Each structure stands twice: as structure tokens, then as C-alpha cells.
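Take a look at these structures.
In the two assemblies presented below, chain A is common to both, partnered first by chain B and then by chain C.
Right after this comes the complex of A and B.
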């Protein structure tokens, strides 16, 4: 760790001079000093963006190691903070279907959860037609200790066991309770409609 | 590096002389009485207080009362009328003036022997080297982001204590003392670098930021005006056609107006009253009510933590003091462990190496695998959110494998970085242990 301290010392002699300058000017004029000369946008270890990037990298590694078969797409290969996860449940109402979820990991991650939207229209009590996802760990129950693996498991759970008691799409929830057969038919109908649009759907 | 005056200790020597001839030896100086140590600290310790809000005001007053003479206070805000109930250094005449300057003035008036300077600036505006001059940094900031930022800065200016005469009982300086409060609960953490856990070590212990509500309540059955505002913020805002602006800026009047109008429409549809611009601002800022009692206890506990650093005391190994006032009164100090994989203070989390520009990426990876400190097994490398090489997940492996045969000079060039830099900062993850390390790479 001292290596870093020494290295920083060697690098920041210019900064030290500047700080003295800042101190004397603010004493005279009592105005806010000028921002430091760090280049905006490039993550340095002093920025939150850096920590967010490291955590994202750790999480992606964990995801790759624990779920090697999971399909992950990166639309922009110069930015690992945006990606698409494709989930296909092996049983339940949505058996055999594929759902794409777009993740945007913010620079405040892991303090803020990633933004997640479903890219495919689906008849589901906890997903609405615009792709909004009602999953507690994406909102009020999010904790920084959760990782991308927790979120992928949460989304899969949502597809396996839709929860009609905590509905975002109230009509779908009601149908699931009142008439499960109609619900299943509606799911399949929507999938057929979706196949038609699927080819033209662009990533976000 | 700034040699802190705390290390030269002329006054300490004078007192040690009084104690007898044996006091001339440095070993003896470390055993000198806590009274002498305290007296020395009071006149020499350089203390920075970041944030002159509820905690900052109380901490400044308590530190001045304890006798600490060298104080600096930093705050970018101005005094607002709503602050006056708990920020005890200000009066109604100060409304609109800089908090830092007014706080410095108030302390100076009450404690003429105290040298205090105020800076009207945000912590992020000050150059990193500014923080080098201090032995103790007391933080009374109001967001977790600001805490994390300050924590990172502390570890960038950290210096080892080489003199045995140092008044502060810590192996490294500056020591960060972080005060925080919410409602009737408060806490103070003493971060002695590399000795006690830093903010990043225990990030998962922070309480959740207020304001995230269940989406179903917001979307289905809003009950309170806050729900309508959250709906506009969480559902309507992301669904706008205008994708140019990604996140809401609570300071931007246009954004406020947009959210306010949408929230009002929704409130009207559900017959809810009480959506006001002030409430929209409060929700977007996630404000919580603050109480004068909690801030008095927390600010005093910060000053106590500084005293304890000098004094040693029985709780030196218990860096986390918490206070709960909602069910009776509870105060305790506990021991917490550091996190070895912490990206900020974890052992070996930052390393600097120098390599040739012509080195191939696969050669760099071999170097990382056999590097004596890093020992990375199948490392993944990221530069500015750009994957240089990642062995997992599969899609990134396929995309970055061609990079293995490319020289580094070819990799660290992009539209935003048109020239090969002399140095780059990479983050490197060990796939087996999933620990992350910071690598300063010098290209020659």
C-alpha cells in the first residue's frame, strides 16, 4: 500500500503547489477555489466511478463463473455497463420462451441497483407492457451486498412463479387467479405476436 | 509530503525534559503521560471538518471546547432558515451567508485562542493534495457518495507515522472520523487507515437510502403525494421519448417542473392532495428530518473520537460508536473487522508496474499471473469501462480474445484518448478469488 502512497507523492508535487495557491487565494477573497485539474470522465482510483467499474467487473466475473451457460450480450463493446441478459425458464407458465432483460449499471453501483427493463412484451402480473419490472430487490429491498447473480436469480424466479398478490399488471394478475387456462392461452398468443416483431426489435 | 507540525514536537520535548533526563530517548517519549500528549495535540493537531451542517457545527464547538486550536472547516452550502434549529453556530442574521465562513467566524468569536479557517467550497472542488496537510479529518457530510469520495481521498494522501512523538495513536495519517445521523439514531466511525475498516470495507452495512418504494404501490394504488412523485420519477421519466437526458437532476428547474406537472396530474386522478414543488424537491433529494438532540450527541461523539485518538483509552479497538434514541437510550462502541478484498484498503489492492508499449496483452496477463504481489489466476482486465481482456463471461471472452495478440500501444487508444498515454490505471480481477485490484501501468 505504501507503494501507492509513494507513487502518488511522486506524481502530485504539482498538485501540492496548487493547493498552497488555492489556500492563499481563498483566504483573501473567500470565494470557492477552482476545481482541480483532474480530467473529467476518465475514472481514476479517486472517483466513485472507478469503484463502480471495479465492482461491476467483479460481478460480471462472478456471473460468468457461476452461470457459464447464461446468455449475455454487450451491444457496445467499449462499455461493460450496458448489457442484455436472456433468460429462458425450464418450467412454469413461460417454459420454452426467451426473455431479454436490458441492464444499465449506473456509476453509483452498487449503492444504487442497476436499471432493468424487459425488452419483450409479456403477459405477466409483475411486468408491464413497457418493460417495467416489479422485483423488490431492484427497488426497496436492494442492498449493496447483492450482486448481478442475485438479480438474475430474482428475475428467473419472477418468471417461474409470477406473484399475483403484488401486481403491476392488475389485469394479468386477475386472470392468473380467476382463469389460469385463459392466462396460459394469452401468454402463448402474445408470444406469437412477438415473433412477428422480434426481427425488427432493436437493442436499447 | 507535508511534514506535519505534530511530528516535530518542540513543546512535547520541553515537557519531556521536565520529566527527567530519561525523557530524551525517543522510546521514553512514547511513554510520556497522556496529559503531555494531550497538551501537545491540542496545539499541534491539524483538524479538518468537512461539512458545517448539523454534525459539523456541533463537532467544531466540541473540538474548540476540548481545546483543539488548529481547525479548518469546509462547506459549499449557505445558511438556510430551516438550518437554524439544529446548526447552533448560526443566527437568523447569517441566512444566505456561507456556512463555512460563518462557522469559522462564530468559533473565532467564542474561542479567541483558536486558529480556524473556513473554505466556501465543496470537498470535491479542493485538490486532493489539500487533504495532505491534516492529521484528522472529521466528516459530517450528508450522502454516502460524499463519504465514499472522502474515504478514497484519505487513502490517496495517506502517510505512515514515522516519528514516535506523534500525538495521535495511529500508524497512518490522516485519520478519518465519520459522523452520520438519521432521525433519532447516530453513529461515529474512526477510520485509522489500514488498521480499522474503511467506508468501502463496510459499504453493505449502510442503511438503505430513503425513497425507494415498492413499484406496485406506486403504479397501482398511490396513497400519498410521495407515491405520485415517485411514479413520475420511476415510471414516466424513463419512458419519455427524449433519451438524451438519462437521469434526473434535482437542481434543474426544468426537470423539477416536468416531474411536478406529471405528479400533479397523477395526484388529481387519484384524488390525492399535497403535491408541492417543495415536496418534489425533498423526494428527489431524499431528505430526512434532522433533530437537534441527535446532532448534538453525534457531533460531541466525533470530538470524543478525536480525543480518544490522542488519549488511547479503553475503546481504541472499538472504532464504531452508535447511538439509538428511539427506544430508550442506547450507546455502545463495537469492534468491526476490515474486509481483506476491499478495493480501497485491502492488502495488495493497488500495484504499480512498468512495461514496454510493445508488450502484447497476453504477455501482460502472464506477467500478472506470476507477479509476486498480484498472483492473479486467469485475470480479467478493464480500462475505463472497456474490457481489455475478460476470460468470463463467454460473450466477452469471444469479443476480447483477439486483443490477446495486440500490443498495449494498440489497446490504449480510442476516440477519447487519441495518443498512447504514459500511464494507465487498470482494474484487474482474479477469476478464482474474485478480488479486484488496481494496477497502475507505466508504458515505456
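Right after this comes the complex of A and C.
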């Protein structure tokens, strides 16, 4: 596991190492195609892979700048397309809880959204027990101008304001609308079962 | 007073006339190139939509060729039409 800060340190201190790494991956992905050899509008797999790597590097840097307190972990340092973001909402139903989201960034990024799973699924209208996340910008509303920062904000919003109108877990959505107290109790109970530290939690 | 210019060093500068500095898709400056190109300028031109949003031509073409796009502008989701200039 590698935290964002360590990843950045590794970037700045081991400059030579890092540039070697970048060079070797870029060789794998082949260098960007020459303008003359590129037929406009017909993206080659190599040019897409190149774009995805470069955009991802920029997005990760932006994420580190705009949210330095955010916990970002790389299970495998040699693969920056897989990482885990930990979010802890400061208020709302899920206050005091930590949620790990596993991101997998595809080679078609930013034309396709990253795959996101929640590793700490709880009773939530827009999360199911397998970790699937129901967020429109992760699916049909994805646009390439969105960045990792937009996605992290979207996920945080989902935790602050569960949306019962676009439910993945219909029972949870119904309970949230019909009986908010029972909803909160169920969240609390689930949390106790999992032995989270829940000292700070209070009903909203 | 008359003066004779014996030598002059001329400098020219150009910039794309977009409403933004960066292409929203690759996040690189318009006055540079998209990720796939090396020479800025006519080899890596700008594309302007009817909605007045600008992208690198190569970037917007890649987006329009992907299934997710449904031919929408990445910024305003209106149907993408190239502006005829």
C-alpha cells in the first residue's frame, strides 16, 4: 500500500527512477503517433492508452492539490490505474465512518468512466451489498471533461445526501423515505456489527 | 527627422481564439497539441462546436467515436455540430 504523499515523494525524490518508469511504460504504449501518420478521427489503441496514462497522471496530481487530506492508496506502485480512495463524510447519516472506494481506470479513459466499487458497503439506497455504486456520472452521464476530483466529489455527495429516487437498494430507499429513524438505527447497527470506531456518530 | 532601418528582428506570435486555455478532454493547452501530436498549429487544430465550446479536433473526434458520447458536446450535452467557419 502506498499513500498519495509517499507516491508524490517517490515522484520528486526518485526523479530518475520515475522518469525511467514513465519512459518504459511509454515505450510499452508506443510513443505518441506522428501527426502525419495519424488518421484524424480513427483512434488507435496505442494513442488511446497514451492519452489515458497522461490524463490519469494529471488527474492524480489535481486530486493531490485540491484534496491533500484525502487518503489515496496504491496497492501496486507500478500500476497507477488502480487505487483506493478513502472518504469519511463529516456529517449526515454516515458521519464518522470510513468508506474505501476502489478505482480502476481503463485505457479508454477519459472517454469511458473509471470502474468504481465500494469496499465498505453499508445500508445505503445507492450502494448494494456487493459494492456496486449507483452514481449517474459513473455511468450514462459520464463526460470526458469530468476528472477524478469530480468523481470524488460525486461519491462524497452520495454519502452526504443518499438519493432514494435513483435506488440500487430499493428497501433502503423506501426505509429512508418512510422511516428515517429506523434507517439511522439500521446503519448504526450494521456499523456496530462490523466493529467500526463509531464514537463521533450522531443522528443528523 | 529621417532614419534608415538597417536591421530588424521580427517576432510573430499566434494563439488559438478559444474561450478557454485548456482542452477539457486532454487537459492540455490549446496552443500546445493534444496528447497524440507533436507540432502545434495546423497539424493539431481546434474544433469549435455550434455551442461555442472548443476542443482539440483529435480529442473531440475520439470522444464522438466512443459509444458513451451519443454525439453530445462534453461540456453542455447539446448535440455536437461542428461550427462552419
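Keep this in mind: the second predicted complex is superposed on the first by the 149 of 204 C-alpha atoms of A that agree within 3 Å, B and C clash if a C-alpha of one lies under 4 Å from a C-alpha of the other, contacts with A are read in each partner's own complex, and residues count from 1 in each chain.
Heads up, the rule we're going with is that a residue touches a chain if its C-beta (ideal position, glycine included) is under 8 Å from a C-beta of that chain, and two chains touch if they have at least 3 such contacts.
This one's a predicted model, so the numbers in the text were calculated from it and none came from an experiment.
A count of residues in chain A touched by chain B and by chain C gives the higher number to B. Of the two partner chains placed around the shared chain by superposition, chain B is the only one that A:130 touches, whereas chain C remains out of contact. By the touch criterion defined above, A:111 lies against chain B and chain C together after alignment on the C-alpha atoms of chain A.
Shared-chain residue A:145: touches chain B and chain C both. By the document's definition of touching, neither partner reaches A:96: not chain B, not chain C.
When both complexes are overlaid on chain A, the residue A:54 reaches chain B and chain C alike. The intersection of chain A residues touching chain B with those touching chain C, taken from the two complexes, comprises 32-36, 41-43, 47-48, 50-51, 54-55, 58, 108, 110-111, 140, 142-145. Chain A contributes residues 1-5, 7-9, 12, 15-16, 18-19, 22-23, 26-27, 30-37, 41-48, 50-51, 53-55, 57-58, 60-65, 68, 70-74, 77-81, 106, 108, 110-111, 115, 117, 126, 128, 130, 132-134, 136, 139-140, 142-145, 166-168, 170 to its touches with chain B in the complex.
Put simply, chain A touches chain C in their complex at residues 32-36, 38, 40-43, 47-48, 50-51, 54-55, 58-59, 108, 110-113, 140, 142-145, 147.
Against chain A, in their complex, chain C makes its touches with residues 24-27, 33-39, 43-44, 57-59, 61-66, 68-69, 72, 74-75, 77. Across the complex, chain B meets chain A through its residues 1-2, 76, 98, 101, 117-122, 124-130, 132-133, 144-145, 148-149, 152-153, 156-160, 194, 200, 203-204, 206, 208-209, 212-216, 219-220, 234-235, 238-239, 247, 343-345, 347-352, 380, 382, 384-387, 390-397, 399-400, 414, 416, 425, 427, 429, 431, 434-436, 438, 440.
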